[in-house]
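Per-chain numbering from 1; labels A, B, C, D and E assigned in written order.
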Amino acid sequence: MSLAPLDAATLYGLMGAILVGLGLYGVVLLGGFLRRLLAFNLLGGGVFILFGVVARRGAGAGFGGDPVPQALVITGIVVAFCATALAITLIERLTEEDGDDPSGGGS
Amino acid sequence: MSVLLGLFSTVAIIAGIVFFVAGTVGLLRFPDALTRLHALTKADNLGLGLIVLGLLPYAGSVGAALKLVVIWALVQFAGATVAQMIGALAVREHPTSAGRQRR
Amino acid sequence: MADALTLAAIAVLAAVALGLVRVLRGPSRLDRMMAVQLLGSGGVAVLALLAVANGTEAILDVALTLALLAAFASVALARALGEIRKDGGETGR
Amino acid sequence: MMGLVLDGGIALLTIGIAAWTIRAGDDFAAVVGFVAYGLVLTLAWTRLGAYDVALTEAAIGGGATGVILMRAGARVKPAPAARASRRARIIVGALSAAVAAGLSAIVLLPPQPAPSLALEVREHLASTGLGNPIGGVLMAYRAADTFLETVVVLLALFGVWSLGRDAHWGGRPGPALRPAEGGALPLFARVLVPAGIVIGIYIVWVGADAPGGKFQGATLLAAMAILAGMAGLVQAPATAGRRLRWLLAAGPIVFVGIGLAGIPLAGAFLAYPPGFEKPLILVIEVALTVSLAAMLALIVAGPTERAP
Amino acid sequence: MSAGLLATSPGGDVLVAAIVVPVIGILLLWLVRPRAVEWVALAALLANLGVAVAVLRTVSSSAAPVAYLIGGWQPPLGLALRADGIAAVFMAMAATVLVPVAIYARGAFGAPGERRPMVFWTMLLAITAALNLIFCGQDLFNLYVALELLTFAAVPLVSLDGSRETLKAALRYLVFALAGSVLYLLGVAIIYGAYGTLDLIGLASIRGPDGALLLAIGVMTAGLAAKTALFPLHLWLPPAHAGAPPAASAVLSALVVKGSFFIALRLWFDLLPPERAVAGSTLLGVFGAAAVIIGSAMALRQARLKLLVAYSTVAQLGYLFLVFPLGLGSGAAPFESTAWTAGALQLMAHAFAKAAMFMAAGLVYEAIGHDRIAEFRGLGRIAPLTVLTMTLASISLMGLPPSGGFSAKWLMLTAAFGEGAWWWVLVIAAGGLLAAGYVFRILVPAFTPPEEPIARVKPVVVRREAAALALAVIAILIGFLPLAPWPLLAIGRIAAGAP
């Protein structure tokens, strides 16, 4: 094992690692459902970028990147969108039920 | 010919960047929402327009050049619409600042 | 040539990033929206520059998608805000 | 060198936006931060050479997610920021930092050579008739993932519908139409929607051989439908409608039908008979695009709010 | 990736059917006339039971796993389905639970074609497909898709009522579940980056530095634990499972939480070399033990039956996590070990008993119009079959002989004694006593003759009582199987680090 060269993949890999850390912190600690949902999406973005870094490093056979992780990310982004939409709908419904009660709040 | 074209591109792109910087400065420095909106729309349209113009000679193919133009047109059009909608909201929400702007 | 265009992309990105300070500062929702708008067109400009710098047409398709949808979130917001205002209550902040 | 500076700038900007989104004082500001995050991520994906993913991020991460979040940000009243205790912040912070550090170590000490399936993908790509390797992965090697993902999207739509009120079941999503604010939006929609449809179809079409594909194209088509809806040009369909339900089911039915036909004709579920790979994949892609566009548009439109 | 090439086994098509049948069922539900909806769902679930039995028969008669290469592509490029012994047993178990649940739920949600029945049947079939895929999926990302399918199916069931409380419970569940899936996905990214494959068999044969594997399994386990409601990540479960309609609670408690647990089981037993798993598995065991004690103690304090049963799920899930230290601690071949069978038995016995318990709780609610335990006196008079169901299910939950719960706990005790791990013995014994405490809180008043006749709100439908009873009887019958490790459960297992 040797240290990775300083290239785009490494830079974005470190970025992904930090994004995951930030997102994790937010998902666990933030109050309010909307904020947690945003943190979940930040975290997801970081995870996807890590896949992208793996893909970039696996470039070969004439491809600019390993196509498999890229395909996985595309599936993942669509699933994450669906999850977000479902959660948002729940949040909006809850706000509606709450009437003038402040939204979300709970953990 | 190619030297002229290169010069033209360079100038256009640099001018485009200048407009983006100007838009940012406007967004940061102008006193109220409507004037900021004004600055922003300028930067949007002119900045991107000039950059696209500068890139056109190097697009490589007619298709790519066409795409560049379409991109610019889309952003221009969307920007104008959003500006109009924001403006309408801003006038209603910040009547004081809107008034100041008219004066 | 490629380097010069990349440099231009860096300049645009830097300018737009500074504009994001407005997102931070607000104060109104409209200001924040405008900053995103600026970031959107800046992003399109960066992509256009990169597409030509790398000679990759696929990047133009990304820019095209971004351009098509850049205004989308803002329109949705403006529409939602307009509706809420009609329902009464709720100011722009 | 110049490229590295750009990459560093994009990375720093992304991290900054993410940190700010976590810390933002009110919910709406955080939503705006997130939309900005989606935009810069698109740049990052482009720089990583993953144009297919960049397209997806631009269409779904920035576009569709942005719309629903913005709407929620406008509607949901700001919650009182419940601050966690200092001790909890330190513990969770340390834990998150540890995970980030572990990931950084993995990023900095990669296995050499980097493992990759690129060779295998290349080797068999010709037999799928596709030029875009990612299309090959999604429609051939891992077609089962794609099929199930379509089911996931469909379920998400049913989940969204399930949140409507009993009285509105089978009705139309969203509030009753109002004439749009001002004059700009309808005009904008009238021009943009046809352009967007053309671009969406183009993105699906090039997907066979170049970056693009059904998910990205379907999202653009869905976005155009939503835009037309917001501008008051079209009205969301009643969810009990027979034709709508067939439209939603068409993609999965075609997919599973061709997949099952593969058992007798090509020896396995989701295998394509030799010589017919590309046409069959195209048929599936077209059917999926239509169904996915409808699903995504209806997911964004939300639960039914009007009685049938 | 030196593992031998996988090939589609004869009769492997049943694995495709296990996924495709419920999915086609979902599509049909939305296309047929409302009157036919329940019949389509029932037919799909019966077909699924047939498929599951066929898989089980093939696996047990050939004493080899059934495999299928989707599209004919070889992993790691393609996706494979592979039912080994434990997968086949669990598929059959899930299919068996689902049919009585469907019989119980028929007509329980008002007119067919309305919101609640449509959503319920759709999600039930989706859960069926997702579980089948989880049990026989071989690819970590494919399993991620299955997990998401499971989540998207389970959350709307929680809020089927539409009340404020259930919406909130559903949202909290969704947030936990999403955080769990994204952590799982993070692990998938790490593993692919390190080894270039997501195929379980390919990964099991990997040698060399395993730092990345340890980190990956660490974050994945945290994510899966959140989805399985392992203490201290259990807070979402009681409101969600108590707020859902009884038929839905039965499936959520009996089956859905087991899906994520099963993946955790695969990761630890298939991918981790045993010597690397000792510390982590002990930690999981400690959390499991805490769940047993705290979940039971919370169940003791509940005033409402459904909440009590939900907290009992937290406790019973805790037992499952004792399998990690007991099974991985010995260093012996884990799949013939007593602990492995004990874990599988506990999972199944709990599934049957808990489904029966939730369904009985729903019947009680319908019969007397509430589920306040304090007012259960005389219940035995007006709903004898339901009280019998609760009694049988309780016997298994407490671990009294003869019952599946007894066999599971007995085997766990044997395993713990065998390792000289007396602290796990203490936990198992204490958990049994606490469980006795909370079930007697229900049963004693139910059997006590009433001072004044208890008011019956609605007559109970015998068909529905019988469905619940059938599940409780199965929970008892499992106890008559031989008290020894099952060879069936060891078929086709791939052990990490095995030569």
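We take it that contacts are C-beta pairs under 8 Å (C-beta built on N, C-alpha and C of every residue); 3 or more make two chains touch, one makes a residue touch a chain.
Predicted model, so just to flag it, every value in this text is computed and none were measured.
Participant: Count how many hops through touching chains it takes, at the least, to reach subunit E starting from subunit B.
Facilitator: So the least number of steps between the two chains is 2.
Participant: Please report the minimal path length, in steps, between subunit C and subunit E on the chain touch graph.
Facilitator: Steps on the shortest route: 2.
Participant: What's the chain with its C-alpha centre farthest out from subunit E?
Facilitator: B
Participant: Which two chains have the greatest number of C-beta pairs in contact?
Facilitator: A-D
Participant: Please work out the Cα centroid separation of subunit D and subunit E, and write it as a whole number of Å.
Facilitator: Here the centre of subunit E sits 31 Å away from the centre of subunit D.
Participant: Taking the mean of the C-alpha atoms as each chain's centre, how many Å separate subunit A from subunit C?
Facilitator: 20
Participant: Centroid from C-alpha atoms only, then distance subunit B to subunit C, rounded to Å. What do you get?
Facilitator: Taking the mean C-alpha position of each chain, the two centres sit 11 Å apart.
Participant: Please list all residues of subunit B that touch 2 or more other chains.
Facilitator: 70, 74, 78, 81, 85, 88
Participant: Please output the residue numbers of subunit D that touch at least 2 other chains, ranges allowed.
Facilitator: 3, 33, 47, 69, 71, 73, 75, 99, 103, 110-111, 114-117, 121, 141-142, 145, 149, 152, 156, 159, 163, 181, 185, 188, 192, 195
Participant: By the touch rule stated above, which residues of subunit E touch at least two different other chains?
Facilitator: Correct list: 77, 141, 145, 148, 152, 155, 159, 167, 186, 190, 192-193, 196.
Participant: Can you work out from the touch definition every pair of chains that touches here?
Facilitator: Every pair of chains in contact is listed here: A-D, A-E, B-C, B-D, C-D, D-E.
Participant: Within their complex, state which residues of subunit E touch subunit D.
Facilitator: Per the touch definition, subunit E meets subunit D at residues 8, 13, 16, 19-20, 23-24, 26-27, 30-31, 68-73, 76-79, 114-116, 118-119, 122-123, 126, 129, 133, 141-142, 145-146, 148-149, 152-153, 155-156, 159-160, 162, 167, 186, 190, 192-197, 211-212, 215, 219.
Participant: Taking the touch rule as given, give the residues of subunit B at its contact with subunit C in the complex, in rising order.
Facilitator: For subunit B paired with subunit C, touching residues are 10, 13-14, 16-17, 20-21, 23-24, 27-28, 33, 36-37, 40, 43-44, 47-48, 51-52, 55, 58-61, 63-64, 67-68, 70-71, 74-75, 78-79, 81-82, 85-86, 88-90, 92-94.
Participant: Can you check the complex and tell me which residues of subunit D touch subunit A?
Facilitator: 3-4, 7-8, 11, 14-15, 18-19, 21-22, 27, 30-31, 33-34, 37-38, 41, 44-45, 47-50, 52-53, 56-57, 60-61, 64-65, 68-69, 71-73, 75-84, 88-89, 92-93, 95-97, 99-101, 103-104, 107-112, 114-119, 121-123, 133-134, 136-138, 141-142, 145-146, 149, 152-153, 156, 159-160, 163, 213, 215, 296, 299-300, 302-303
Participant: In their shared complex, at which residues does subunit D touch subunit E?
Facilitator: 99, 102-103, 105-106, 110-111, 114-117, 120-121, 124, 140-145, 148-149, 151-152, 154-156, 158-159, 161-166, 169, 245-246, 248-249, 252-253, 256, 259-260, 262-263, 266-272
Participant: Spell out the residues on subunit A that touch subunit D in their complex, using ranges where they run on.
Facilitator: Touching subunit D from subunit A are residues 1-4, 6-26, 28-32, 34-35, 38-39, 41-42, 45-46, 48-50, 52-68, 70-75, 77-79, 81-86, 88-93, 95, 102-105, 107.
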